[in-house]
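The first chain written gets the first letter, and so on, giving A, B and C; residue counts start at 1 in each chain.
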């Protein structure tokens, strides 16, 4: 029988060939070198690839999708599935479960490594207080992952802002869109497009400086409103947008 | 770049014109004086109003909807959207995101102020233990918000009871409905009508004293069963139903 | 008015006739001797029975469904509803709400007692760390509950494995199915079949020793990957599969 002491002998430094790495926000990166056909059939992916790379987190969505966007832009791989569970470890948002496909395992492994690295960076624009959370992301040049998740026009600038409790996200969006000539490409609420998360999420496109400006306006607004609920947010990394 | 010390300079006393106030259950009240047209188009509200008032909480549903019901009854405003995210800060229920519309911003601001005030009172019938939660609400005279959320007949008495884990809610409902000549107007479970919350929710209408009696029976039942799981519940306010 | 001190006078040892018992994972077992017709009509169960037994937990799904499977096999009762709320007390999975029907209250009470007893045992294959969780269950002889929940062929062996964050569940499934000649009967992900949980769930059938072997492979894989996220899991009971 499995004993607690057997479990405690399992090393934290995983040596399985499927293991790539972990990073902030309970994010794990894995590969499946050749997915077993019976499972592949059930998965019903947009395109079948022999090798799969996996990014999966308890908390965060836009940052990791943006990180995977960078990963597929610089490797011979493609995103084949993005799912956003209702998670965030007791908070009001999403986690993520992203599958990358490639013809060979070294390509998808490299893509997962890049995605983990960028997740560490992009997590700097996730703010979590005792009351709620805010998430922001920006790309000067959206790729296939941001297109699949948010209808971002490929090759154009992309901005994302999200606030919880949801009303904060709506006021952020109103002031952001008023501040800059951007186009709304996605609008999500607890009942629309989310997994019933307590968020309003807006994604925008347009000229890069306008998009960046909209995101910064949303961030300033969101921080003021989130802090009005009585506690200061922390970020798992370092803010990088300016 | 945004520094942690910049965040810490943001005052808790928010001075934005959009800010109205906060109260228990991570509830924030906001206004959007003139919603930007590109955003309004995405929102697809039941009626278009130039000014919007927002009530949004991490925890609680019936209490806040009842509070908004009072607010729209006494102001020249109308509820245009009620959404119930799967939230409660790690517990098994809902938060809320409610939008009020009005022709001018002073009306919706007043409505949000009233809703915040009643939220503080109605939160007294929310009970949260280490194992689960119970929520109750009662109105002698349901208005437009309770009608929109729960099909409550306008002008008649309305009662609501909810228990988590879900089985507690079902036994509460059975004994409440047996105890009083009330009519069930809403029945919600994890797979039916909720955002996959761990609750059974029942709303009733009828003669005011019968409805009140049903709610009190549900409360007595729910408290006994919730406490059987080994811990005593707390309420963020003061119980007010008797 | 209800006072806090009134609540504190309610005994933890519940004396209501509806109360059967409680066990790990915030699980409560209840009976409704004769469900009130107005409520029964709303419930829309697969079969109408005068007496209902209820099992309801904040955390866990497969273990409790397997426990109820044992209960209905050895009593004159039948499962009439299985719902899986998005719960787990802040973690990425499900709770459960299961209704058992019977012709008389002593039958359903006995079924609930048996289900509570087996829940205590089967909870030994639920592993919860600071990062995520794993759940396993095995039956040599699936009955009506496992059939209703997972399409398990009645009378055949049944195995279940689930991992969170979701990517862990997918790698567990791939290696488990590669290790043993089993047939996949259910594949669930955040967007498919779950209540937006952060899990990949796979259920299998086949020869008993092959199914058992697949579950053990999944468990070994899942523990290694979950621990790679930096913390060791605990189980609310004692591991029992070997």
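Convention: contacts are C-beta pairs under 8 Å (C-beta built on N, C-alpha and C of every residue); 3 or more make two chains touch, one makes a residue touch a chain.
For reference, the UniProt names are A, B, C = Microcompartment protein PduB.
Computed from a prediction, not measured in an experiment: that's the story for all the values here.
As for how the two copies subunit A (Microcompartment protein PduB) and subunit C (Microcompartment protein PduB) face one another, under half of their interface residue numbers coincide.
Its C-alpha atoms superposed on subunit C (Microcompartment protein PduB), subunit B (Microcompartment protein PduB) is turned by 120 degrees; the angle is given in steps of 5.
Look at where the CA atoms of subunit A (Microcompartment protein PduB) average out and do the same for subunit C (Microcompartment protein PduB): the two points lie 30 Å apart. Of all residues in subunit A (Microcompartment protein PduB), those touching 2 or more other chains are 86, 90, 195-196, listed in ascending order. Listed in rising order, the residues of subunit C (Microcompartment protein PduB) touching subunit B (Microcompartment protein PduB) in the complex are 1-4, 7-8, 10-14, 16, 18-19, 22, 26-30, 32, 35-36, 38-39, 42-43, 54-58, 83-87, 89-90, 95, 97, 195-196. Contact residues of subunit B (Microcompartment protein PduB) toward subunit C (Microcompartment protein PduB) in the complex are 86, 90-92, 127, 131-132, 164-168, 170-171, 173-175, 177-178, 183-184, 187, 189-191, 194-200, 202, 219, 221, 223-225, 227-230, 232-233, 235, 239-242.
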